[in-house]
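Each in structure tokens, the structures are laid out below.
One chain, subunit A, appears in both complexes that follow, with subunit B as partner in the first and subunit C in the second.
Right after this comes the complex of A and B.
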């Protein structure tokens, strides 16, 4: 699992990466810089993922494969895993991070933990 | 959802917790089963049963921890297919308090409940009356105290 997280954290501008249980909102594994509240990010990202999944199902657009929330001081990027029960691969990044590269590494990490 | 408190300082922290953690039912009680506040319950009998059962669980797990020569368990989570139950205790100036929360897995999760429980415990610690000695409920007054509490909790 740490190898999967390292794929993401080695990207310049990524401040941390986590594997989160989608159902429980609990941290499965994490590599975070100091100051990031892993438990809070995990719980809230899982809650958001659940609501997004339901919204997408209701909209008839299928399951989400990647989402990116841009904020003033950073970004939250998530790839919902494909395994049953669901693991979310989450990255917390600087605002000017290379989104495409992080997305690619998140997808690779999700494949690795599946 | 109705949130009511016997001791008013518990009301705001509990209201915030219910909103943030999206829990369905909550009780704030003493380990003896005396209810300080409730949210989501519609019948007094359910509050009485839940408080008695929560107090029994706190007593059982505390004794189990003692037998294992461990400090008391911080929290207990029991998850079913559709619902979860979370029970935890923490110390305040008012004495040890317990929080019992029931949540739907469709709208909440143990991660969310744990996260906002920490905030609730901190808020209750900060709001609890300083230097207050917890009032002992004597057997002779028990029924009257219980009736008064339930009347307050259900706005009668």
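Right after this comes the complex of A and C.
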């Protein structure tokens, strides 16, 4: 699991990565910079992921493959795992991070932990 | 045609805010029932004053009634709302030609052709103007098919102000505006089977704004500005036109997330103006 997280954290501008249980929002594994409250972020990311998944499925666009919360000073990027009720691969990044590259590494990490 | 008119009238009576008045007005106009078409167009305009298609319909009826001055004003308004409205551009070209201003007629048709280069009626109208023959008065596009609308509008559908306003007033533009409690403020969504899923999606999205804000705050990321998500069959973007409102923009997978974010940014500003006008 740490190898999967390293795929993500080695991208320049990524402040940390986590594997989160989609069902209960608990941290499964993490590599975070100091100061990031992993447990709380995991819980909120899982809750957001659940709401998004239900809304997207109801709207007919299917389950989410990748989502990205943009904010003034950075971003939260998430790839929900391929298995039902599985693992979310989460990255916290600086505002100027290469989003496309982080997305690719998150997808690769999700494949590794599936 | 009579059956169509009866069906469309019944649909409009059932939902007076629906955009079916556009088809009903046109059906009445084509049947020559101009006074009835005029009433439908005026009532529709009262409910949808910022909808370019409503001004276009009214202008077409006025043209049939030979009230060219008012028709000009309506087409002019339609173009102000939606500068790429080719129906209105063709209408203005027709009226310019009628008063002998061939240059303006040709300029408006040229602009329409740049917007819709594949439309043979525009090519034909340009040829007629150049040959000194009056172009035909603009006919609307073929009536919309009755089949269910797609869940996610296609890639080619850019969002100008008229589309956003129409979408927020209920047209199938892949837009949904809700408040923090999940109540619908505007817009409508359909799934691929054509079923209305507006309220369901709104309910699931309730609280997303607060959770996004809490997550961003917890991470020290400042205020959140948008949330893009890629689905198996389409992409979505969430933004907040006001602190209390959440706008969802849905597009098919042909619109990449980056482009969708730009589209949504524009739609958010338009939705903010729409909210200010409507509340």
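Operating definition for what follows: the second predicted complex is superposed on the first by the 114 of 114 C-alpha atoms of A that agree within 3 Å, B and C clash if a C-alpha of one lies under 4 Å from a C-alpha of the other, contacts with A are read in each partner's own complex, and residues count from 1 in each chain.
The rule we apply is simple: a contact is a pair of C-beta atoms (placed from the backbone, for glycine too) under 8 Å apart; a residue touches a chain by one contact, two chains touch by 3 or more.
In this text the structure is predicted, and so the values were computed from the model without any measurement.
A.B. asks: Using the superposition on subunit A, tell me whether subunit B and subunit C clash or fit.
C.D. replies: When both complexes are placed onto subunit A, subunit B and subunit C end up side by side without any clash.
A.B. asks: Given the overlay on chain A, how many degrees, to the nearest 10, lie between subunit B and subunit C at the CA centre of subunit A?
C.D. replies: Between the subunit B and subunit C centres, as viewed from subunit A, the angle is 100 degrees.
A.B. asks: First (subunit B), second (subunit C), both or neither: which does A:24 touch?
C.D. replies: In the superposition, A:24 touches subunit B alone.
A.B. asks: With both complexes superposed on chain A, which partner does A:71 reach: first (subunit B), second (subunit C), both or neither?
C.D. replies: second
A.B. asks: Should A:40 be classified as contacting the first partner (subunit B), the second (subunit C), both, or neither?
C.D. replies: both
A.B. asks: With both structures fitted on chain A, tell me whether subunit B or subunit C touches more of subunit A's residues.
C.D. replies: Looking at subunit B versus subunit C, the one contacting more residues of subunit A is C.
A.B. asks: In the overlay, answer first, second, both or neither for which of subunit B and subunit C A:114 touches.
C.D. replies: Touch status of A:114: no partner.
A.B. asks: Look across subunit B and subunit C in the superposition and give the shortest C-alpha distance you find, in Å.
C.D. replies: 9
A.B. asks: Could you list which residues of subunit A make contact with subunit B in one structure and with subunit C in the other?
C.D. replies: Looking at subunit A, the two contact sets intersect at 40, 44, 47.
A.B. asks: Within their complex, state which residues of subunit A touch subunit B.
C.D. replies: Against subunit B, subunit A makes touches at 20-21, 23-26, 39-40, 42-44, 46-47, 50.
A.B. asks: Quick check on the complex: what are the subunit A residues that touch subunit C?
C.D. replies: 35-37, 40-41, 44-45, 47-48, 51-52, 54-56, 58-76, 92
A.B. asks: List the residues on subunit B that touch subunit A in their complex, please.
C.D. replies: Counting only subunit B, the residues touching subunit A are 105, 108-112, 114-115.
A.B. asks: Using the touch definition up top, name the residues of subunit C that touch subunit A in the complex.
C.D. replies: 151-152, 189-193, 197, 200-201, 204-205, 207-208, 211-212, 214-216, 218-236, 248, 250, 257, 261
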